[in-house]
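Quick one: structure below, then a few questions.
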Amino acid sequence: MARVGGRADDELRPIEISRGYNKYAEGSVFIRVGDTHVICTATIEDKVPPFLKGTGQGWVTAEYGMLPRSTQERNQREAARGRQSGRTMEIQRLIGRALRGVVNLDRIGERTITVDCDVIQADGGTRTAAITGGFVAMVDALNYCRLLDSPGETPVVRDWLAATSVGIVEGHKWLDLSYEEDSIAQVDMNVVMTGRREVIEIQGTAEGHPFTQAEMMELFALAEKGILDLIKIQKELLGEVGQYIGRGSVK
Amino acid sequence: MARVGGRADDELRPIEISRGYNKYAEGSVFIRVGDTHVICTATIEDKVPPFLKGTGQGWVTAEYGMLPRSTQERNQREAARGRQSGRTMEIQRLIGRALRGVVNLDRIGERTITVDCDVIQADGGTRTAAITGGFVAMVDALNYCRLLDSPGETPVVRDWLAATSVGIVEGHKWLDLSYEEDSIAQVDMNVVMTGRREVIEIQGTAEGHPFTQAEMMELFALAEKGILDLIKIQKELLGEVGQYIGRGSVK
Amino acid sequence: MARVGGRADDELRPIEISRGYNKYAEGSVFIRVGDTHVICTATIEDKVPPFLKGTGQGWVTAEYGMLPRSTQERNQREAARGRQSGRTMEIQRLIGRALRGVVNLDRIGERTITVDCDVIQADGGTRTAAITGGFVAMVDALNYCRLLDSPGETPVVRDWLAATSVGIVEGHKWLDLSYEEDSIAQVDMNVVMTGRREVIEIQGTAEGHPFTQAEMMELFALAEKGILDLIKIQKELLGEVGQYIGRGSVK
Amino acid sequence: MARVGGRADDELRPIEISRGYNKYAEGSVFIRVGDTHVICTATIEDKVPPFLKGTGQGWVTAEYGMLPRSTQERNQREAARGRQSGRTMEIQRLIGRALRGVVNLDRIGERTITVDCDVIQADGGTRTAAITGGFVAMVDALNYCRLLDSPGETPVVRDWLAATSVGIVEGHKWLDLSYEEDSIAQVDMNVVMTGRREVIEIQGTAEGHPFTQAEMMELFALAEKGILDLIKIQKELLGEVGQYIGRGSVK
Amino acid sequence: MARVGGRADDELRPIEISRGYNKYAEGSVFIRVGDTHVICTATIEDKVPPFLKGTGQGWVTAEYGMLPRSTQERNQREAARGRQSGRTMEIQRLIGRALRGVVNLDRIGERTITVDCDVIQADGGTRTAAITGGFVAMVDALNYCRLLDSPGETPVVRDWLAATSVGIVEGHKWLDLSYEEDSIAQVDMNVVMTGRREVIEIQGTAEGHPFTQAEMMELFALAEKGILDLIKIQKELLGEVGQYIGRGSVK
Amino acid sequence: MARVGGRADDELRPIEISRGYNKYAEGSVFIRVGDTHVICTATIEDKVPPFLKGTGQGWVTAEYGMLPRSTQERNQREAARGRQSGRTMEIQRLIGRALRGVVNLDRIGERTITVDCDVIQADGGTRTAAITGGFVAMVDALNYCRLLDSPGETPVVRDWLAATSVGIVEGHKWLDLSYEEDSIAQVDMNVVMTGRREVIEIQGTAEGHPFTQAEMMELFALAEKGILDLIKIQKELLGEVGQYIGRGSVK
């Protein structure tokens, strides 16, 4: 079984990231990973959740949504249904944890960065595209608010960050699954990794086919390769701004 | 007081409408009216609301939403808040009525056309942009499903349809208000009109300054001018497909 | 086609407005427009919405509801259903805007006037009856709280206010539609107007039959006639209190 | 301590019950018990809850609501708040149980009687007024639908039904408490009773002052007296229709 | 008709109350009344509802829930359904009132005691088991927080408190109904009573069979017997702690 | 830094699993992992979600909840708050996926197994305890309904299943974290594994400290050890019933 368009097993789909997509947000990108299109906006506000008031520490959070017709069949609008689905909640919690994982919250003061990730068109890998694009939007927002270039010793953003999915489809181990591939995958794994190749989050799920440790390691290596490719794209895109991003030093 | 960029009183902002913006929807456009950007997708499904079951008649409805950071300040996500605001409900009801107003529901069979209008960036006039763009998405969807070109005597889509806003700002009567203009307008009016210059909906509201009948008529004339300009753009855009659109014959 | 009971095309249904209907509210009326019966209570509280705190300015808002059996078929209770319908939201926003349109919010201090309009029996025109009756309840409440008779130059209530519906039924243009008439109307228009014959709000909707500018103007004239009749009734009813109502001078 | 207006300890407030208050409902009354005003409408529909489908048996249920300004301070509208309070739920369950208690559900077929009780003005005893008035509305609805006068052996409505409150206020045992009395009562008891002086429901609550069995019995006797007075009023009111009401024979 | 297991008409099911069931709560018990199993935890927090702020007075409240499979058929989880049922609300209001009825709120300062009653297995009488067990958990929590043994003249807990149900089943008057018995009972009564045999709450409901005053008194006597048995068990269980519980003196 | 009670790095807390804890559920256990206590009930019903109707295939799903005072501070009851938190949704989706991963859905017919996991006391690892205990409850339920011992070639339950957590705390890699340990962990990983040592789900999250691939593998080995210990306990507990559980053969 070959991949659509002759894509190699370890090949990402074409990536396009447009910065400054929204004229109001402190940072924003439109990220396209193949036919998966996500708008990410980063908003910085001078407020924190109650549990952080008075600590001098900030917060990073994310929200996720899909337009009703971002999918093959139209989905009910969550605002009309009156609540977010479990899937939505799970994904936005993951994005928030991932971004928080590379930000030094002590350095941004009592501010909240909210990264909204809205899926315009979904073709697999929306959550990982949201993390990869959301990272750029967040960095741009921090830069815009002059929170990046302070002379402190520890960097505000500790490391680069990107995410991708890998999976096993009819025995093949593939990088960056499209929806069609994902829907028949026996194993599905999402990996969030930093520029220093450290893991922020790994989630692997067997869909009817439990996997061995050896398979897990192979998938992991594939994800690592893809993430390093994504971070290369982020570095080119951010240019000068990238100099303020740390190299993984932990507080 | 002059308009931003030297715009004339009766001049629309630059309009761009891209068709086929979404690969799944039967019809879709991305409409830009100045800095107001709206994605409209039209979905056709083989089902109708309960009150139409067994009547052989179809339905047209609309839903409206704003991305949280489509506005200057971030708004709470309606899906997270657990309900749609009164403003959202009012707008989506208006869009639905407007589109329904030019469709011959008897001719589409027991099908529902749902036009989703999602505001990516808001700079005034989102509801009228949604109607103008949503009309094109709906026509494209009907065409795609081969519901337009049937040889029946009465056309499925009875007439062209567009909408715009007009208002009085510091005594000036202006067409197609931007957010900045709208927020200081004394009178605000939205008009939905057909190609034959018949009204589908008119909503005029005094914001602190009640208006006379004479003022109402002047505003109406301004709106009419703008709508005819918009319909001209729609006609160029739809090209051949436009031949299936009626000239206003009422059932 | 003739109207029920031989009513003339430009004739209102019998109106009855009883003041002081509720012993707790600062102002209250029971308004009967034919078989449409609405209780309007006006409550004045020493608080304002967050966006007005510290501005010295007040607010006027309205809420609308229907008893479950105010209609021919019983409707589900909105409190039991867990949310207000889009129709309810749209109507209460209209009533609030209309009343706000004649009140000088700077003159009432940081107070909120809430006008509750509850439909006991619905036979068409509930929203316009609510505005016509709600105006009287609001004036009575302002008078009760001694907010009307202050010696300031600009009146607190700038002008008289009433509303009615007009429509086209089988080609006839009729004033003050009953439910039966409304349900077969091709065009339906609600007009909210002041004593000086200025418009606060106009909403005209084509129900399957787009209307021309000429038809719109005829309907408007019919509404104007009805509203002036209603304001005459309000003036008789309010008697002395009416002297504090302005003649439309704009701030 | 004497009661307002010199009312005797065992004296009801003035009662007025107007039948046929609503032109749509199968049965309806406006009941006034002093300054407590409640509209009760009874709707009969040809449907039953799922657990009764196919059993040939009907159902009686009630819903209760208060207009926002039925009370001294304005209360938030439950429809706007998005849910009914615990108090509302508790009261409507009580009214439903009480009415169900005198109806032979086997005799009405697979129909549901919904009695809506909406409080226009509240001055204590709204739930008991709702039961007393709701009974009349229900009987009228059954009569209107020709469900009362069938020649079966067991009556559809087994007995008369009314309710009142009693309480201990500063040591005095009083019948039919007003809001002012109720708010300082040490003990508060609601009794629902039939024409044969049998109890359908008794609810007695100590408000800070537990009561003895002897006090309970005294209160009960007071309630019984009041309820028999209320049933007398119901009998006069219903006239001929009353002949179809049973004398308490149990199925 | 005899009771299951030859239980006497006035015999309680076997009672087991385990204190200190939960390692976090200030007070907690696991109460078993036959096959009805309820976990009661009492939490004491330094906060009060808004209406008590600044009064120096505390509050006692209760919440009630059933595990989805505490019943014969699985019930939908209320958290998933998005709201508590009317039954749940009614029960938790009853438990709260009952516990509040024996606590001197002036003596506990601005603190709230929340008694959570979660039904693990339901076999009739869950609300009365919750009151009987919740009382012990509350006393333990007050003792743990050193709020019981203060040297004030009026006791914090004014009296012992327990509850049970009684009913008429096929003419028999029975104490402490199991679910099977309850489901066929013609009359169902819950009584909450203190150690001095004073009533805090009585709720009697006819299920198809109205009851006479004589029957009511017989049921009441049966309940009184059962409650005194329950209080005896509470006294043995609480041992030394019981000395701080008052003998019913009213504030 | 040493573990509480001198526990070894690779040592589970004491485990107790009581079967048949609930008299109504088809299968039920009370599982204690140290001070984490969870009730798991498995309900089998003859219905499936809409997307499976007519496929002959069954479904396995899970729901998760925490009693309000299962935690150190009392949490708001989700039923009262009106919705489940993102954390709850995420956990119940994980439990459902895990259990589904070892069930041959084709073999159980159009039935749904719902495993309710209610946390009575939480001290870390509630989701993994729920999976370990829920598996036993599910097997017992299948056995009770005679769905396990059918003579088909492919087993209904394909393999044993258990889960545990591992983490890095101040540089130490520890198995089965308690709440205290978890709250200061730099890395937290949950692993769900079968008897054949295949992975059903792995979720590793960096809490401020990204982890290397080498650390990930060490943690994984630790989890594997713990899970095999847990499965040993399950095998002893289930005894004869265990013979019907497959050895991992994939459909």
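Per-chain residue numbering starts at 1, and chain names A, B, C, D, E and F are given in the order in which the chains are listed.
As a working rule, a contact is a pair of C-beta atoms (placed from the backbone, for glycine too) under 8 Å apart; a residue touches a chain by one contact, two chains touch by 3 or more.
Computed from a predicted model, the values in this text were never measured in an experiment.
J.: Which chains are shared contacts of subunit A and subunit F?
T.: none
J.: Going by average Cα coordinates, which chain is farthest removed from subunit F?
T.: Most distant chain from subunit F: C.
J.: Looking at subunit E with subunit F, do both copies bring the same residues to the contact (over half shared) or different ones?
T.: same
J.: Pick out the pair in E-F, A-F or D-E whose interface repeats that of C-D, meaning over half of the contact pairs match by residue number.
T.: Looking at which residue pairs coincide with C-D, the repeat is E-F.
J.: If I average the CA coordinates per chain, which chain comes out farthest from subunit A?
T.: D
J.: I'd like the Å distance between the centres of subunit B and subunit F, where a centre is the mean of that chain's Cα atoms.
T.: Chain centroid spacing, subunit B to subunit F, equals 51 Å.
J.: I'd like the Å distance between the centres of subunit A and subunit B, where a centre is the mean of that chain's Cα atoms.
T.: Measuring from centre to centre gives 34 Å for this pair.
J.: Can you check how far apart subunit A and subunit D are, centre to centre, with Cα atoms defining each centre and the answer in Å?
T.: For subunit A versus subunit D, the centre distance works out to 60 Å.
J.: Which subunit F residues sit where two or more other chains touch them?
T.: Each of 82-83 in subunit F touches at least two other chains.
J.: Take subunit A as the starting point, go toward subunit B, and spell out the full loop of chains.
T.: Order around the closed ring, subunit A first, subunit B second: A, B, C, D, E, F.
J.: Quick one: in the complex, what on subunit B touches subunit A?
T.: Interface residues on subunit B, with respect to subunit A: 22-25, 28, 35, 39, 41, 43, 45, 63, 65, 67-72, 74, 77-84, 88, 114, 116, 118, 120-121.
J.: Mind listing the subunit E positions that touch subunit D in their complex?
T.: Residues in contact with subunit D: 83, 86-87, 89-90, 92-93, 97, 101-102, 159, 194, 196-206, 208-213, 216-217, 220, 224, 248, 250-251.
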